[in-house]
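So that you can tell them apart, the chains are marked A, B, C and D in the order they are listed, and the count of residues begins at 1 in each.
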Amino acid sequence: MANLTLVQAINLALIQEMERDDRVLILGEDVGLNGGVFRVTEGLHKRFGADRVVDSPLAESGIIGASIGLAMGGLRPIPEIQFEGFLGPAYDQLCTHAARMRTRTRGALTVPLTVRVPVGGGIHAPELHSDSPEAIYTHIPGIKVVMPSSPYDAKGLLISAIRDPDPVIFFEPKRIYRAFREEVPEDEYTIPIGEARIVREGGELTMVSWGASVIQCMNAIESSGRDIELIDLRSISPIDMVRISASVQKTGRAVVVHEAPMTCGVGAEIASRIMEECFLHLEAPVQRVTGFDCTMPYYKLELDYLPDADRIKQAVADVIAY
Amino acid sequence: MANLTLVQAINLALIQEMERDDRVLILGEDVGLNGGVFRVTEGLHKRFGADRVVDSPLAESGIIGASIGLAMGGLRPIPEIQFEGFLGPAYDQLCTHAARMRTRTRGALTVPLTVRVPVGGGIHAPELHSDSPEAIYTHIPGIKVVMPSSPYDAKGLLISAIRDPDPVIFFEPKRIYRAFREEVPEDEYTIPIGEARIVREGGELTMVSWGASVIQCMNAIESSGRDIELIDLRSISPIDMVRISASVQKTGRAVVVHEAPMTCGVGAEIASRIMEECFLHLEAPVQRVTGFDCTMPYYKLELDYLPDADRIKQAVADVIAY
Amino acid sequence: MPVETVFETSIERVSILDEHGRFDEELGADLIPDADLIKLYSHLVTCRHFDEIAFKLQRSGRMGTYPENRGQEVTSLGAAYALRKTDWLVPCYRENAGLFWHGLPMEYVLLHWMGDERGNEIPDGVNVTPLAIPIGTQMLHAAGLAWSHKYRGDDAVACTFFGDGATSEGDFHEAMNFSANLDLPVIFFCQNNSWAISVPTRIQCSAPTLAQRGVGYGMDCIQVDGNDLFAVVKVVREAAERARTTNRPTFIEAITYRLGDHTTADDARRYRDQEEVEMWKLRDPLIRLRNHLDGKGLWDETRQGALLEQAEARVVDVVKSAVEIEPLPASDMFANMYKAMPAGLEEQARAMRTCSLGRIPGETVDQAAT
Amino acid sequence: MPVETVFETSIERVSILDEHGRFDEELGADLIPDADLIKLYSHLVTCRHFDEIAFKLQRSGRMGTYPENRGQEVTSLGAAYALRKTDWLVPCYRENAGLFWHGLPMEYVLLHWMGDERGNEIPDGVNVTPLAIPIGTQMLHAAGLAWSHKYRGDDAVACTFFGDGATSEGDFHEAMNFSANLDLPVIFFCQNNSWAISVPTRIQCSAPTLAQRGVGYGMDCIQVDGNDLFAVVKVVREAAERARTTNRPTFIEAITYRLGDHTTADDARRYRDQEEVEMWKLRDPLIRLRNHLDGKGLWDETRQGALLEQAEARVVDVVKSAVEIEPLPASDMFANMYKAMPAGLEEQARAMRTCSLGRIPGETVDQAAT
């Protein structure tokens, strides 16, 4: 057991998987000598050498496209995209190839890659360094999407992602990269992709969230003093509807919280499925507390944009008062 | 009045807007001499010349990125992307620039462009010629998304899109490009972006759809003999919740139909909003009839993938029996 | 010096068996043994026949859109012949001759265009990627595949094929740049056939040659007569040797021509002159090679007749196996989305209705979602 | 001929005032009148001071991440000086000197890095696009802007700035290719400062020069000493003239160096040697120009002292207006999403809560959504 930040937990998972499997290699912008702009790959270049930790040209489509080839060639590439705002140039390679290669070839060629991407707002960064595009990739069949909210989950989820036979986007909530530490086992362990975590049990209302927002939810719940069940999705695609529905059938009320804009966000999918699966149990409409339907503003206003404890508590009050 | 196909109605709208406003120009792959692979720009090259109907290099990001510059320069570009499956390379320019330029510059620079894109399945085309990515762009604030289901709407919506001061993606359901004809006024007229159309009134259930699926809905409704209100969204972003909610508050039941995969599709957003706005009126959960959560299969199976009258009728039966 | 020259380069063009039938002994001698030459010619004739039949299948409604290969067969075949079975071919969609030579079963290409994924289910040991529909995107996969071999320490290379139009895509640039700067054993084989559907090459590249696209990457680049089997074999051999020994990529521009429409959905008469087509028909690579074989006394009408019969018989079988393949069950679309099917998808597959509707109302979650 | 040369080219490098202070009279004479030279030098000193203060603002927590311009000021300034106010500057984020010369108010750049969109609200008549955060994407906008002027028939050109790393992005290729093939009056100004954050230029381009990136497009391309104001002015003038008269684009590689960290979030000591930095400090463009002015008797310590005072006073005002600007209301994030705000968004803005929650339960739709 070591007391680690989320960044350290990811770094540890990378080291252990690279030790374990020499098919695993890392590529991306500044991941080498510099150890990544968030220092997630710190020390790896020295430890595993320039053949396994590769500073690539500045080209996201190239990073993902080449990784697809590496994966089809039998390796386990872990490309890093420096910020979620720069995943855009790689969108086409991810959707037209990574997501489709297995079904297109009926399993003859597969793409076991893990794309690591820092995500989300709250760190006063420049434009396009604070977005939350998880809904985009959740809509694309063939790609899995995960986002941990704690160091422990980060390590276990990343190891699962690296070992997964299919492409996984591993979103890293940069706001909590170093926000807190947690006991993380030294030895490797996995957290199954597709399994949500009940962070806190409760009978009055079900709250569903993921990534850095989970922390906002905890704050809201603690200061609200209500008996709320908090579910950390962890895997956004696929979604663990078994746990969500079981909880809502118990509580009859639900609030979903995420940073991305509301319209066509993952909250819409979860709310719809709750309605479909728990309609007769619902005492109030499922409420969404999300980013607004506008571009993530420059950082002076980012905290007004991001869902916070107050907005979450207001939602809880609305749902319970309904 | 002329009796026109959807292709002809679009062609007419393009001609009239180019006649009316010499800031309007068309660019894209094969839009010139060839008149577009679907012949939508037929005759325009001859009529308006190579300066206003431009065959561009084969590069979608370039087509959209250059169009953004043209628009910032005060023109009204109408880029064509040959198939929705090739919108991917332009995703980044659309989301990081077209959608953001106005808010980024607080109106100092704006991007009034209209991206024309054939969309959807059902024509036995090769891979990546049959997808429905509308949810992706509906999730992106700052871009409007429209999709007509008839020649009349196509002309009016396209003219509105071209005149709109903000970026609009104009999806053209290729399955009904020539499926039927309709009386279309010779002179120009506009259909407000953001206004859905009540295709058919009814009291028993509300059905919401857009694009080619609207035709499947009509078939289902007619053969079901039920008293169903059919709403053609026409504008997918923004969504006309006023009409949808008013209808569902009347009928108490709703079914949403679209070709795209279910998860995080536009159907999820509509279902969620219906729940939020009509909860106390709902007799059954809003049901979604959509493409499956798998890659659009090669064409041998595409009709099994696309929602058809049978699946829609089954959904109606389920909702009413609920 | 206020103005000094800091870089100089030039592009060369290789031709061995030219359009007038002239054969350059110096470059051409023992490039291809006669026995192989006959095999290659026979393969070309079979592929040409396959192409004609595929076209007819579309016209008769038994197959979807099909892109004729006619006139370009020698480019991919010459490359495939110059490479090893352990090397990768990363094609676009006009490389049937090379893919078949490399081991892809002929019926696969028909199945692909018949809208059947079984046409992409590449057999084990055949190092070929599926036909690439999104233009320009596959070259990065070639870079990655080549990289995977370099990483493992074997000397296999990847050869990727694409058209003149494809060189306008950003992914082309990124693939070239990755390969050059990370030293990846890739051969970039551009088939400049004068057209990208209706758009002439000058709209894709206003430079005098496409070959010089490689200069900006410090990459070796060369132009070759793409209808000259000998020249293609020579330049690809040299590129492969370079890749194997130094991991340096090469950019090859092969000048060829698309004799048919872009695809069966196209009508080239709308945008190009018939004279141009007629002129290129005289440069048909098959005729050129046939004359060469005749000249060497390696071929004659009887052999040609026998070959055609074989080719027809072969293609009949191929068509049969593609047309008569057992129908795909609708559930097949779910089968290969993931190695292990997630619960929600499994439910959609079971009901063949969206999950939203797949559940009998009232059915409890646990039955449904697990 | 079996092997013939089909293309030849070379790249030249221009230098006028070299690092040793040698000035080439032939090329340099009457390139820049003395009066302008003094204006330009004064501007450079002011921008250098602005850069230092901006850095301090970040360090003292009054501003977010900031990318130092130090050492590269002459590239964008030389370009701006060589162009007209009617021309467009399409920058990346290290071109303060050029942008200010072209008319962008200094406080705008501070506001931008303070996380305030008012820093991008470009005043009417200032033909500048906002600082571009996504690398490589802005060059296509330059192509489109230049195109819009060609379309209208006036002779304005667009000059876009970017780094060595940006030339690895696909959008760079597409912008170059569009401009070359559609004849767009664009100047592509690459600032090769040796680094892309921690990645050295050779990973972005293994060719001997970046300038040769233009060869593949048949574009005029040239390399220039980017720390030499005279040379930069000369090459940009020629490029602008070419663009105005022939609509042909030009690719310029300016050799310069990033003397500071990539941004205030970076620590360059992790990846580059201090000797390299020290060596480049000797090539500081400001020192070089100052010595030249001294040599010509156009400058002295008194003037320098006075200039520094002015610069400080000016920057104090700039900082003041940026720091003391009135706070942005939260509702501002909604104000400019569209020309006309859609109902749903209007509702979110009203409630400052997601639409999902913005409605008092039971409130009917018509009140809510219209």
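Note that in this section contacts are C-beta pairs under 8 Å (C-beta built on N, C-alpha and C of every residue); 3 or more make two chains touch, one makes a residue touch a chain.
What you are looking at is a predicted structure, and each value in this text was computed from that prediction instead of being measured.
Participant: Touching chain B and chain D alike: which chains?
Facilitator: A, C
Participant: What chains, if any, are shared contacts of chain B and chain C?
Facilitator: Common contact partners of chain B and chain C, which must touch each of the two, are A, D.
Participant: What is the chain whose Cα centre is as far as it gets from that of chain D?
Facilitator: C
Participant: Roughly how many whole angstrom separate the Cα centroids of chain A and chain B?
Facilitator: Distance between chain centres, rounded to whole Å: 30 Å.
Participant: Counting in whole Å, what is the centre-to-centre distance of chain A and chain C, each centre being its mean C-alpha position?
Facilitator: So the centroids are 38 Å from each other.
Participant: Between chain A and chain D, what is the separation of their C-alpha centroids in Å?
Facilitator: 35
Participant: Two or more other chains in contact with one residue: find those residues in chain B.
Facilitator: Expected reply: 56-57, 59, 61-62, 85, 88-89, 92, 96, 103-104, 127-128, 141-142, 239, 263, 267, 272, 276, 284, 287-288, 292-295, 297, 322.
Participant: Can you tell me which residues of chain C touch two or more of the remaining chains?
Facilitator: 117, 134, 168-171, 174, 177, 181-182, 203-204, 333, 337, 344-345, 355-356 - these are the residues of chain C that touch more than one other chain.
Participant: Should the pattern of chain-chain touching be classed as line, ring, star, complete or other?
Facilitator: complete
Participant: Sort out for me which residues of chain B touch chain D in the complex.
Facilitator: Touching chain D from chain B are residues 25, 51, 54, 56-57, 59, 61-62, 64-75, 77, 89, 92-93, 96-97, 102-110, 141-142, 144, 164-166, 194, 238-239, 241-242, 245-246, 249, 272-273, 276-278, 280.
Participant: What residues of chain C sit close enough to touch chain B in their complex?
Facilitator: Spelled out, the residues of chain C in touch with chain B are 64-65, 112-117, 133-136, 165-166, 168-171, 196-199, 203-204, 265-266, 270-271, 327-328, 330, 332-334, 337, 344-345, 348-349, 352-357, 361.
Participant: Where on chain D does chain B make contact in their complex?
Facilitator: 117-118, 120-123, 129-130, 134, 137, 139-149, 151, 158, 170-171, 174-175, 177-178, 181-182, 333, 335-340, 342-345, 355-356, 359, 362, 364-366, 368-370
Participant: Which chain C residues qualify as touching chain D in the complex?
Facilitator: By the definition above, chain C touches chain D via 1-16, 24, 26-27, 168-174, 177, 180-182, 202-209, 211-219, 223.
Participant: Using the touch definition from the top, list the residues of chain B that touch chain C in their complex.
Facilitator: The contact residues of chain B facing chain C are 29-30, 32-35, 37, 55-59, 61-62, 85-86, 88-89, 124-129, 262-263, 267, 284, 287-295, 297-302, 304-305, 307, 311, 314-315, 318, 321-322.
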